[in-house]
Amino acid sequence: MPQSLDEVRYELALANRMVAHEGVLDAFGHVSMRHPDDPNRYLLSRSRSPELVEPGDILEFDVDSEPVAPPSVRLYGERVIHGEIYKARPDVTAVCHHHAAAFMPYCVSGEEVVPVYHLGAVIGAKAPFWDQRDDFGDTNLLVIEPKEGASLAKALGPHWVVVMRRHGVTVAGRTLQEVVFRTIYSCRNAEYLTQAKLIGIPSPLNPRETERAADYNLAPGPVARAWEYWSMRLAKAGGTPPQATKSARGGARTAAGRAKSSGGAKKTPKKGRKR
Amino acid sequence: MPQSLDEVRYELALANRMVAHEGVLDAFGHVSMRHPDDPNRYLLSRSRSPELVEPGDILEFDVDSEPVAPPSVRLYGERVIHGEIYKARPDVTAVCHHHAAAFMPYCVSGEEVVPVYHLGAVIGAKAPFWDQRDDFGDTNLLVIEPKEGASLAKALGPHWVVVMRRHGVTVAGRTLQEVVFRTIYSCRNAEYLTQAKLIGIPSPLNPRETERAADYNLAPGPVARAWEYWSMRLAKAGGTPPQATKSARGGARTAAGRAKSSGGAKKTPKKGRKR
Amino acid sequence: MPQSLDEVRYELALANRMVAHEGVLDAFGHVSMRHPDDPNRYLLSRSRSPELVEPGDILEFDVDSEPVAPPSVRLYGERVIHGEIYKARPDVTAVCHHHAAAFMPYCVSGEEVVPVYHLGAVIGAKAPFWDQRDDFGDTNLLVIEPKEGASLAKALGPHWVVVMRRHGVTVAGRTLQEVVFRTIYSCRNAEYLTQAKLIGIPSPLNPRETERAADYNLAPGPVARAWEYWSMRLAKAGGTPPQATKSARGGARTAAGRAKSSGGAKKTPKKGRKR
Amino acid sequence: MPQSLDEVRYELALANRMVAHEGVLDAFGHVSMRHPDDPNRYLLSRSRSPELVEPGDILEFDVDSEPVAPPSVRLYGERVIHGEIYKARPDVTAVCHHHAAAFMPYCVSGEEVVPVYHLGAVIGAKAPFWDQRDDFGDTNLLVIEPKEGASLAKALGPHWVVVMRRHGVTVAGRTLQEVVFRTIYSCRNAEYLTQAKLIGIPSPLNPRETERAADYNLAPGPVARAWEYWSMRLAKAGGTPPQATKSARGGARTAAGRAKSSGGAKKTPKKGRKR
């Protein structure tokens, strides 16, 4: 099911809003995806809180995190988090960077996050740490220079979640839906682990359980079920992104699509969309 | 007060949405009930997040968890949780399987959940543990094979709540309303127990208090009061299920019912329904 | 500013909904007030979740907790909590009974709740415990018999908040607005105390500070400011009680009042009401 | 970009509502700003819960916290918190006083709040304590007398956040947007610090990291991004302040502005406003 770039932009705006609406992102953090037609580019919003991102805000960057077209808008400072991971990890097509409350106690204390229930297995067997101090000393803690992004990508290695000391988390996925799923359920897992530590001794999944449970839960069925759920919650809160309207992009097709949904755009935004 | 199967499907969809809306279920988990006319069958939604379940999503399964009619839709993987409990426990007519935050610290640490206030008595004097590792070694932690469901049902024994290590919880009830009530108030009890452990030594109910308080709170009055409350909260959030509309089912009756409520369907969905 | 009984019923329904909307009451718990014209009677809803109480649900009881008129509806089981406190404490004109999450760790562990910030001073210097086991052994933990209510009232003594082991809390006040204020801010205080215990040694207010801060915060200004705030929050959530409509009660006056607010009843429910 | 006083009042009402809507203020607490044209005056609402403040509620006070015009409405008791800080700190143009749950464990226990992530750096390297007992003995804990406000301002010293024992917090900023940003992110930081303490040993930012991260995050870009986000959340909840309508103030200009936004005032309240 090929998607037009307009549709991809819509999906990415939706993903940003969804993850924000579930409490993982606030004014800061962002979700990107690799360009579907050019593996040396990725898509990311202009500088804007993720719950406000619209399809028209999504810009193209090369993997050095330079904008493909000269920008007339402010860009995120931490683009290299995305670009350097796309460079280092050909299997990754989507990245989320966040500072969710669930993970911050681990970012701050350096305690390890381990999978403690079947859905938490999406973290993988190991979530490595990255401490900006190790390579760069006293910084502003932001990941802005390419070498900082490369250092982070190196710490991520072959894993899916990297915990950034005194900062936040970066999550990678093989698809946009997977990175959303992993981001949200790794947060749930971190919350349950914290609470379990307070009342006893956590008994985590072992590596084989982790692998098997991750395989099961990252299959299309469970991932689609969760995506539908988060979409519904966002829609009920009036947060679904508007359809792109820029005349420069696929005007006819989009106009047709909008005519079909005639006024109900807000309530049933996905009518007629291919999934 | 006999109910048509359409009405039963509506109630079950409502129960799924209610328990989800109260924060016990998220994208995953499900509530089922035994078929009112055939004790060897049960009703459960097709694979869908519980807060989205519609009456038309509810399918029939035999107690071996096979669909009665060949399905054209995706089914939940963990149906045997329900089927094997219905098989083992003739007194049970409704089952809820969930992964609520309140219980996860206990699933993860293996600490026991005990009733610590009158409403928590609905748990019963004991909430046994089930560890899939004991019988099956390293699995994906899902309960998919009949033998896995049977092992879980055996662990539940004569009790009402079984805590599944590194997974979640399964709750049984004598009626649909009872299983909803027990599910929600057992979560509240687990939360209060956790907090009490953090500041001191919990003093739980003794077995006689537990039995007496459970008897009082599971009587029709309290259970109906809570059901009305959760229904209202769901309705205010716009989450009441739509009335079934499939022409194959009681078309005339349903059409009449909808004419009566004329447009106000969304706000007063239960006008004229028998309870 | 004398109030008609219809206005008093409206205020009491509003108080029930407000305290529920702030998360202190759920399906259970209730707020009552002494009858404004007869100190030997009190007003309390029929058995219904507090967030659903309507002015027409409010009934009259004598201080032995018997309904003044033969009831055609189900009554709360725990009326004696209210009646026995009105009997024992002539200075009390409003009572709230609840099971709020904030207090449950204290009910369960027996640790003392002490005022730890200026608004928490409304608890008073001491919040005594009551353990139903002491006088009555193994019960269902509900307070249903007059002697149980009397025992609780005795434990309350001259204080304003009594913590009920394995059950909940009962709060008394000199006015309806005061009991709402004390109920909500004593919960906040309990939450902050719990969190403070987790990270260090709480340093509570001393008795003189408690008295002075309570005097300041229970003056009409602060109490009215908070009442307006909680009313607004409830109104924004669509939870304001409907105006009474029973023809048996002040029909003409009410009809006039409703004509004046012409359709905007939902958004500005208190237009023209005396406070 | 010069702003009319009407626009300033609107911004200040918005700031009060925004900080309340994010859960930092409840019925109590307030945000003020220095008068844009007269450094010896400041702007603060009449006594009202901050989430209800309207532009027309904003009054002018001199730095001794006396109202410039004789008031016909009730005033906040704790105005001197604002006035005495404006007096002592010429670099401060906005002040927020609150009792947020995030900070209360620190107010109660006396444990120090330190920055533990890049956004928490807005606290600064030190958040000093102030204990009213030290200078004034047993009080009602409110800050009402000028000498009490002066003592608090002295404890704040050159810092940005002062933690008030058994009471709350006062936050200062160089702009209104900065004080909102610092208030909200210092609360997030306190929450993460608390959680980190529960599971391990927090590793805070060092002073150089704190200074650099604060400089980065308090630049106009990040601060505006967050302001847009909190505004959007408030607007979605129907909480945007009404435009001022008092005929005495800039009637023509305002009327023009309102004509332009024609009916959409509620949804897009900032159309055409200068930032």
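General remarks:
Letters A, B, C and D mark the chains as written, and numbering starts fresh at 1 in each.
Basically, a residue touches a chain if its C-beta (ideal position, glycine included) is under 8 Å from a C-beta of that chain, and two chains touch if they have at least 3 such contacts.
What you see is a predicted model; the values in this text were computed from it and never measured.
Considering the contact criterion stated above, the chains in touch with chain B and with chain D alike are A, C.
Seen from the C-alpha centroid of chain C, the farthest chain centroid is that of A. Chain copies chain B and chain C are related through a rotation whose angle, from the C-alpha fit, is 90° to the nearest 5.
At the interface between chain A and chain B, under half of the residue numbers appear on both sides, which makes the contact a different-residue one.
Chain centres here are Cα averages; for chain C and chain D they lie 32 Å apart. Multi-chain contact residues of chain B (touching two or more other chains): 198. On the side of chain C, the complex with chain D involves touching residues 116-119, 121, 188, 191-193, 195-196, 198-206, 208-209, 212-213, 215-216, 221-222, 225-226, 228-230, 232-233, 236.
On the side of chain C, the complex with chain B involves touching residues 26-28, 47-49, 51-52, 74, 77, 99, 101, 104-111, 138-142, 165-168, 194, 197-198, 237-239.
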